[in-house]
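Going by the order they are written in, the chains are A, B, C and D; count residues from 1 in each one.
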Amino acid sequence: MGDAVVGVVANPLSGRDIRRLVTQASVFPTAEKANMIQRMLTAFGAVGVHRVLLSTDLGGISAAVFRAIGRRRGADPRWPEVEFLDGQPIRQTAQDTLDAVRRMVTAGARVIVCLGGDGTARVAASAAGDVPLLALSTGTNNVFPAVREATVAGLAAGLIATGAVPADGVTDRAKLLEVRVGGRVETALVDVATSTERHVGARAVWDPATVTELFCAFAEPDAIGLSAIAGQVRPVARHDPHGVILRLAPDAARQVLAPIAPGLVVPVGVRSIERLEAGPVYHVDARAGVIAVDGERELAFGPGERPAVRLRADGPRCVDVAAVLAASARLGLLERVRH
Amino acid sequence: MNPVTDERIVPVTMPKWGLSMRLGKITAWIVAEGDEVKAGDDLADIETDKITGTLEAATPGTVRRIVARVGEDVPVSGTIALIAPVGVSDADLDAAVADARAVIDAGVPEDADGAGAPVVQTADVRGRKVSFAGAGAGGDVVLLIHGFGGDRDSWLFLQEPLAARHQVYALDLPGHGTSSKNLVAGAGPETPAGAGPDAPAGAGPDAPPGPDAPPGPGDPAGLLADAVVGVLDAIPASRAHLVGHSMGGAVALAVAARDPRRIASLTLIAPSGFGRQINAGYLRGFADAQTRRELKPLVGQLFADDKLVTRQVVDDLLAYKRLDGVEAALHALVLMLLGGDEQRGDSAAVLAALGDAMPVTVVWGRQDQIIPAEQAQAVAGAVRYVIEGAGHMPHMERPVEVQTAIEDTIARAG
Amino acid sequence: MARNITYREAINEALTQEMERDDTVIVMGEDNAGGAGAPGEDDAWGGVLGVTKGLYHKFPGRVLDTPISESAFIGAAVGAATAGLRPVAELMFVDFMGVCFDQIYNQAAKFRYMFGGKAVTPVVIRTMYGAGLRAAAQHSQCLYPLFTHIPGLKVVLPATPYDAKGLLTQAIRDNDPVIFFEHKALYDMSGPVPEESYALPFGEANVVREGADVTIVTLGRMVHTSLSAAAELAASDGVQCEVIDLRTTSPLDADTVLESVEATGRLVVVDEAHPRCSIATDISALVAQRAFGALRAPIEMVTAPHTPVPFSTALEDIFIPDAQRIANAVKTVTGWNP
Amino acid sequence: MTDTVERKSLTREDLLDVYRTMRTIREFEERVHAEFATGDIPGFVHLYAGEEASAAGVCSNLDDRDTIASTHRGHGHCIARGVDVAEMMAEIYGRKTGSCHGKGGSMHIADLSKGMLGANGIVGGGPPLICGTALAAKIKGTGGVSVAFFGDGGSNQGTTLESMNLASVWNLPAIFVAENNGYAETTSSTWSVASDNIADRAAGFGMPGVIVDGFDFFAAHEAAREAIARAREGGGPTLIEMKFTRYFGHFEGDQQTYRADEVARARAEFDCLKRFADRVTETGELSRADLDAVDAEVATLIDAAVADAKAAPLPTEADLLTDVYVRY
């Protein structure tokens, strides 16, 4: 059956961008991320995971786990063996997450857990391929990752890694938005927006007046962020095959109040709403500006470079934690007989 | 007091020099038992926490008993010696000595300066605070006006004795004592220009505050006269005898000129404005002095015998000069008093204009090193007293003789 | 002319009058107002010994309580001073200098020189010093010699209510950093103080008692101890001591000291600080160097011993120089023959 | 305190100024690096090359109401704040015409008239001082803000932690900029060292903490713009952590044995000047010609500064005793 291996990648820089300044977004402490990993290690140990591959960072998360392992010694239940992915220079950019997930996939991880926000999930998903991905949210300003207690998520990931619960029945393929600008390609799990800002700068988008077009893979009415705009006028579920396109203009007749960032509920002018079919390529109207993926400016484009957006159905295989634990209950996987 | 005592025994009492004085100490007896003394003769050197001075005999007679010992603290108005004619018996004298000793040995009762002690009041003269203190009931109102750099305490040897028969007031002229110091432009609150730099780069002038620039417009002489009139109104006194020393003499004249009917008599002590010559170096030196070392020799020039210039006197003057606003006030007065190195004012003309509206007396110290005694000649129509052994401060150096001059002047006013 | 008020009231009056005169003057320190944030009365303490009582209500926004972070708020006072304010920060006990001394001797003291004369740092740091209150080793030290050693700082030690008001007024108006030492045992002493504002110049010692036989140079609380010693000596031995109160150790009024020693030929220096590298050694060196010819006896120093301040009353009382030890020193210099 | 502050966007002139500032810092530091090797420059210097985007990013949002305090690595902050470059060079050569008349040296260059409260030889020396200037601005209602720059080493100094707390308690218009070049002195930040993100500590002091890519001028500028506007509006203090890698050693002459090949890689890939030039020319806001003109200007400016500095007179003995007090 091969080793039950779980990959865990945590992003020390998530939850620290300019939204702490321009909105009331909170700072998710590093120590808390380290605690989440330690809780998962306990869960992994409990369900028989053999090995955990853990990303390393300069932010103090891997260091805290490293010291915790040193203190753990014989405590029960025993933690699985933990291998710190070392030997590569840490650049403190998204590249670190990509490198870690790729090494986990090649090392045979049966499931990959990523701790962070939409940005971290987006990067991890782009490298996870078909390996089931459990995106755990650190903080509340996210749409894609699940807001879930780490121990329970750990049990779910562990049960999949050991094969106790077959992955197929408890994972769902997410949709994916692909955007091309000249030779550069980026993917988004939730939305792609065109911003009139001229520079990537501090990445976040918090002024709706700068957004002219919004492509959503899905749009839930109770979401936070740009997709919440669509969520209030044309909701689209995660399992729906299609998405939605909104064209925005501050002076549009139709105005909708949307929570586009923590503590930021502002009227947004909606000029038109159009169904986004999976497969065909949609070209962006704007002549110049910056493409934002999942609310973070990423690709600047000038005149002559017409960005193209395509909705794909082959996104990451997301672990449905509830389904895993329900199966475990049905199969009595967590029951033991006292001798 | 013991009714049996013979009236002919005259007690020599510890004088009250200054409002805050509660006790004094004899540093040396000049006379001995059996000596004959005339009025004005020196009896003993006395030291208080404020000042040292020589006590003069008020009445002629024989010193029959020395009661207080040298170095002993004696409460104000405690008997320190007995003067009596030869005929008074030793028994009566010894009884009086016993009574006196009891008072000295009892030390200073708490309310030693209770009744009759002068009360400090303040008058508001167009926004400026003017302090003044009065003593004595009945009789005419007498207002004592100090000179440049002085204050109402400079009358400490005279105010009490004069208060025996008159209502005697002494004021602090604007810029002096505890009165408002702001002599310069308009009657503003007491805030001298702050010395704080505003921008880090611009370092404002270092302390003490108050720019050295000459004072603004405004007429200090007018302000001083206003203050005197203000005090007269506050007492209230429809009629008063004025006693003015040095610059205070010129102020007294100015007040008299404004309302001759209100001023019953003028006693001018070494008044300014009756001649050109003046010790300009003293005036400028006093205004500019910053340390005790600079001030001490200047103060010495005020007295014929600089024994009076104790460390405490210099310290008190230094403390006064360091009050906010005083330096500016003194410089304004120097500009008022001096034209170059000569006196600017013309008191003779003011006096002439008064004609004989009120009796005038002029008193001068022979050894005056500030304004020469010869200028007494220019005080037309005045009764003249030139006092030997006195410098520019006869009212402190020879208080008894100055008191006599004042009493005579008041009598002439009727 | 002046009414009697206490050393504490004189300091409070100086702060009040300077804050009335100049709105750039601000006051900050631990519990300067007291009760900040706590439900009780706002001006609960007005400083640990009540020196800043009443300022909080009179000058809203200009009396700031601070957390116990001396480096931060002393440094803030220094920074604010370069930006047009005239802060009076309170370092509650000089013994706490250890936690903020960098901001004083490396920042405030050096700004002007280091920046080529371009910085002006009119900050005042008030602090309590001195033994006698059974506060033991970490709340009873003097330490003013340490500050005196630093070029760029001025060090002021008033001994009387009159000096306290005048010297604090000058400190606030002074455009250089001033460390203002208040002896804990003097707060309740009263004396004549004019109601009006006045500033006493730094670098002018005060001859508090004239005498021809022996010069006693001292400062702070020891001025009063020296005066009682001088009184005893005058009464018992007829020896007349001249008592000089330095008032400021930087700048130092060397002339007054030298003049007096040249007259008396005998010097006793009384300093409550420890003997090594103290004001006593500083004055002794000055006189030995510049008035050696006038000396008719070796210089005597009366200081605390080279030990931390002891707690127990029995020890603290003999730790602090007293009138008897001063009298003995005077007798040593008068009785000395080569 | 004041109503909302308008967030101005960068004009063409602004971008040109930014480029001139960053290029001047780079050339200044490169030249000092070269001159130091010849032994002409006394004492020791700490160079700022590589971190230009931080100084320019923050200072491009400041005006004459504002004050900054720097670290021992302060040349970049001085230049970004407008301190005279020729005087700075003269100061580094210890000459009388230097910013501090030769009395301060590289670690103490200052110009209070420009709101530059000085470089500081003491790690963590600056933060308490800017709490003071921020307090002054708040009390006088000038709307000014104060910025303390400190390194990752300074972030562990008691003074810095106390100051962040004080700024929060007094709600001061203060910005704390941690320039995290990953190396406090020589303790490299490996993954096993428990140095958490400096920005995390902000929450503990009740202020927002943001992490910014120190190599990207626009990221630094945007974050600083928001933090400074927030402070002017009475929103209180902010902690900005700039993450990047230093080009040169902790101090000149430091053989950097602890750095491996990082300098070469950083210079090539992340150089903030190169990235800025590429960005502004891609969007057409500036042309290559504009940039080249600035490069030439700066080259002559630095050459002149060095020449003048070498020719300038040394301070004389008379200067030794001046500027200790305003009046003693």
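Quick notes on this one:
Note that in this section a residue touches a chain if its C-beta (ideal position, glycine included) is under 8 Å from a C-beta of that chain, and two chains touch if they have at least 3 such contacts.
In this text the structure is predicted, and so the values were computed from the model without any measurement.
Hopping across touching chains, the smallest step count from chain C to chain D is 1. Innermost chain of the displayed assembly, by C-alpha centre distance to the whole-protein C-alpha centre, is C. Averaging Cα atoms per chain gives one point for each, and the point farthest from that of chain A is the centre of B.
Ranked by number of C-beta pairs in contact, the top chain pair is C-D. Rounded to a whole number, the gap between the C-alpha centres of chain A and chain C is 65 angstrom.
Inter-chain centre distance (chain A to chain B, centres taken as mean C-alpha positions): 94 Å.
Centre-to-centre spacing of chain B and chain D amounts to 68 Å, using the average Cα coordinate of each chain. Averaging Cα coordinates per chain places chain A and chain D 36 Å apart.
For chain B, the set of residues touching two or more other chains reads 199-201, 203, 206. Touching two or more other chains at once are residues 112-113, 326-327 of chain D. Chain B contributes residues 151, 153, 177-178, 181, 190-192, 194-201, 203-204, 206-209, 290-292, 311, 316, 319-320, 322-324 to its touches with chain C in the complex.
Looking at the complex, you find that chain C touches chain B at residues 1-2, 20-22, 24-25, 82-84, 86, 118-120, 122, 162, 166, 170, 173-175, 194-201, 204, 207, 210. Interface of chain D with chain A (complex): residues 182, 189-197, 199-200, 202-203, 208-213, 216, 218-219, 221-223, 226-227, 230, 238, 241, 243, 262, 265, 279, 282-285.
The residues of chain D lying in touch with chain C in their complex are 67, 69, 98-104, 108, 110-113, 117-118, 120-122, 125, 127-137, 139-140, 146, 158-159, 162-163, 165-166, 169-170, 322-328. Taken together, the chain A residues at the contact with chain D in this complex read 12-13, 16-18, 20-22, 26-27, 29-31, 56-60, 62-64, 66-67, 84, 86, 89-90, 92-93, 198-203, 288, 300, 302.
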